[in-house]
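Next up: some structures, all given as structure tokens.
Look for chain A in each of the two complexes below; its partner is chain B in the first and chain C in the second.
Entry: the complex of A and B
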């Protein structure tokens, strides 16, 4: 009897993938091929719009990582967007560096700066952390207005020589910047999905669902938050450098704009689905559809977005994608963790005994 | 004597900041809600005063008789109709008030354009009192400071000497137990918001007499109020008054060194307090 039981022993394996995420992966792959080929089927305006959408998906995904998973609601992420932009301009103009090299450099500086920022702002809890991040961003606006070397309040532009150093032809530049935006958003989402599949991701998801319970299970909440905040600052800085590389000019107000780089990003994330990787993607699509349709009515789209965001917060707190995901169990990225029973072949029993920690 | 003058101006301005902060601090104390739309409501009430003044041909001080009750009603309605439904978790109230803030700003923009407005109070704006041979202070800032201190004192009395204040404190300590004791927390929350917005309305009219305002002026006011709270220490109204005054002095001194520095100086003081003494200068509850 006992021998038979050993024969029938089961082991468990954690599986991320299921049918919907298998479909999702195929969907993303096809979409990526289609979008990567945009220079061959789209005109200049389409590509610019797509590039802008990618940058917003990247920013919203990062904000979602902070607010949706780590519980850090920041309304000061424009600090890193603007700083990344300024690093590019200063590096290219004063340092004579190739602009494309300045993009990761901008990210690096933001990542480094994020450490002291965290040490100060983590002293504030919850909503007070939120306004603290905002005060910090205000400091940057005020300081950059005073710095004559970067043009003060009127800002600086990228001269033609620097612009041409990226690529000689205008088409070449536009294509390159488009692909860089696409690469950025793929890298950001890819990285987030990868992180979420590791034990840090499990820690983050635990913090998202219940901070107290996460702590009592031995998760170092502050350390996890610090890592996430620094990583997001790094990526935000790169995004900012790219965004202002395309804009060709930068001022303290455009660089550290709370409306452009934070409020819109919050709407995108909240409407699409906070705490879901798919959320910001869906949210960005809704945001840009609304903006394009209501383009003739000035800032009306912001009022509509505000109303939608409030309704979503009241009626479906996990956003539109969260609603769908909760109801049908869909996921377009292989993120869920399911225990699968696998039969053990006696020889392999020892190897399978160590159940993966994640 | 010039410096005494500047510091005096800073103190008087600080009283106004404390008034912004008092409304913010009140609702945070009672229901742990940080109202991101606080500054935008201040501006909205300033616009309301502008039109009430024009319609009824009255001055800004008289307009308070209309604006303050209206603000309290709006506050009660806003809390019962919307904000009560967001309480409980940390994210929803924050995100809903962010949405509210953007909606208010853009509605004001649609109706009133980007033009700046100002409330005119007449001769009192230029009247001043000579305290010392070299120290003269405007009557208007002096009145505003006195009213701000009086309102904060009034809030203190409401909080610690009245049945409503007891209900506020009980709900703040434990909403569930407060409800078990027969308090209707939804009503208490709405009363707190009504009181907060009544204070905010006074602050809105006062600041609009002093400076030009436009639809996007609100966030700045929210930041000043928030800084006053943190500098002074959470949970103490007198601390908030002290925080507002310190902020006002910092801004006045900063502005003396460089025209671009007043706000920066205020932010620096705020960050310095955060680093050196994160619980604030006169805290009542641990942060």
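Entry: the complex of A and C
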């Protein structure tokens, strides 16, 4: 918080927090305590479901950062999810590394790979960029199918020795992986909120709202995008490693699945609220509630998802949370910078009058 | 008066529509230049060429004699060229205050906390002080226009390009705006102001150019420029031939 005096007329301070975000912070804190304690109140089934929700919130939050803020509509993020997964398997099997160490390694490799990818893809604009990301992802599926060292099309499984190295008992493993997923989602959202509160986040939010105006106000849009893309690839890689650590086996189709790691993620982000940090969280809750209740109905489930997506896109273009945020100015994270006048000095009126009179 | 900004032999067309045909223009340091011309003449496009959102087909843009034609628009902004858009382009999901913080921080290459002061002062100057925490997307048209001006000012520009900021304002609001722009002039900022409200221009500018058919058909002292036969034709619907 910064306090300063303006021309002796009034002093002010800038704060990020307001009533809705103060409520939000309490809400998140209580929720986090409740969820961290899930191993004590939930069964194995519940914890698995929660873990899956966390992984989707993380993936959707990252996609939201790319598409919702930086305007980079990628349908190829599954490349980094899959690659992170494969790094874990190769590292643990061929390299003999502890699986948990392979999680950040997966992120690192994806971050490094994202640099040349960016240099090629950023030559493409708009829809061409989107198509480019998809083509790239398809290339990865094809290549991994041919590589014998990672089992080709039939993939590989994590042997019992490696699995046991995570934790001896099955419950121990389940708990650990559950907490790792929770840590992942907290880290991803925490980092996004932190970034958005910095100068860099100011640039991202400006690009989200108006790219032309952002450029005209001195923001280097391409550089901002490059950083976001690399950072998202890094986090996607870590998420992928964790996801496939839990699944215990990996194939090119599961690793680079556009349905699982992109289409679902887009649905979650779009209905929840694109360009809002709260959006993917709300979207994931809706998505999983629908799935739990409608999964038995097969194709009817897909139709319902489609209808919901269409209705939301037509009626609330910025998703459900975007609608609320635009209408009521609510934020559950302390993001917006609020200018607060702390004290009006006696001659403020006179100073204001001078400005008018000029 | 030395030139701060100039266009040299600039040409630009969109297919068959020619907006600039071998145009030359010089803006003196500290000068306030008014620009008139019929709708669709290419006035806004010239601002695009100066700020780098549009690439000319030929010709150069110079700032302080330095060729900036190949610089990107963020680079030009950082060199001191600011623009208000004819159709307001706010950062709609950010507060009014944040809109100004963005402009001041990125144009000035400064840290956020260093520019809070500039942003808060500029808000007051432009009559937006009590709307600092509103979402920019929820402002009325008048306030959006004010925000355009405020955001451009917050970049602390050397050259300020104003595109029809007075359009749609009431008589009283227009007077306040004119007073504000006069104040801006006094700080030494060079201005090009595109405006159809001629009496507002006359109160501020040193010189007026009239753009039509890709060329400046008049370039003169304000009173002389508006007496140009084509200006009457354009603004009164009177043909000069009659």
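The rule we apply is simple: the second predicted complex is superposed on the first by the 328 of 358 C-alpha atoms of A that agree within 3 Å, B and C clash if a C-alpha of one lies under 4 Å from a C-alpha of the other, contacts with A are read in each partner's own complex, and residues count from 1 in each chain.
To be clear about the criterion, a contact is a pair of C-beta atoms (placed from the backbone, for glycine too) under 8 Å apart; a residue touches a chain by one contact, two chains touch by 3 or more.
Since the model is a prediction, treat every value here as computed from it, not as a measurement.
Colleague: Between chain B (first) and chain C (second), which does A:336 come into contact with in this model arrangement: first, second, both, or neither?
Modeller: second
Colleague: Go through the superposed model and pick first if A:202 touches only chain B, second if only chain C, both, or neither.
Modeller: Touch partner of A:202: chain C, not chain B.
Colleague: Quick check for you: in the superposed arrangement, does A:147 touch first (chain B), second (chain C), both or neither?
Modeller: Touch partners of A:147: none, neither chain B nor chain C.
Colleague: Contacts for A:73 in the overlay, against chain B (first) and chain C (second): which applies, first, second, both or neither?
Modeller: Only chain B is touched by A:73; chain C is not.
Colleague: Contact-wise, after the overlay, does A:30 reach chain B, chain C, both or neither (first, second, both, neither)?
Modeller: After superposition on chain A, A:30 lies in contact with neither partner.
Colleague: First (chain B), second (chain C), both or neither: which does A:123 touch?
Modeller: In the superposition, A:123 contacts chain B only.
Colleague: Given the touch rule stated above, what does A:326 touch, chain B (first), chain C (second), both, or neither?
Modeller: The answer is second: A:326 touches chain C but not chain B.
Colleague: Okay, in this complex, where on chain A does chain B touch?
Modeller: Of all residues in chain A, those touching chain B are 67, 71, 73, 75, 120-121, 123-128, 130-132, 134-136, 138-139, 142-143, 145-146, 258-259, 263, 266-267, 270, 274, 298-300, 302-303, 305-307, 309-310, 313-314, 317.
Colleague: List the residues on chain A that touch chain C in their complex, please.
Modeller: Those in contact with chain C are residues 2, 4, 6-7, 9, 12, 14, 198-199, 202-203, 205-206, 208-210, 212-221, 275, 325-326, 329, 336-339, 352, 355-356, 358.
Colleague: Help me check something: in the complex, which residues belonging to chain C touch chain A?
Modeller: Going through chain C, the ones touching chain A are 51, 53, 72-74, 77-78, 82-83, 85, 89-95, 97-98, 101-103, 105-109, 111-113, 116-117, 119-121, 123-125, 132-133, 135, 137-138, 151, 155, 176, 179-180, 182-183.
Colleague: Please give the residue numbers of chain B that touch chain A in the complex, ascending.
Modeller: Going through chain B, the ones touching chain A are 28, 34, 36, 82, 85-86, 89-96, 98-100, 102-103, 106-107, 109-110, 219, 222-223, 226-227, 230, 258, 260-261, 263-264, 267-268, 270-271, 274-275, 278, 287.
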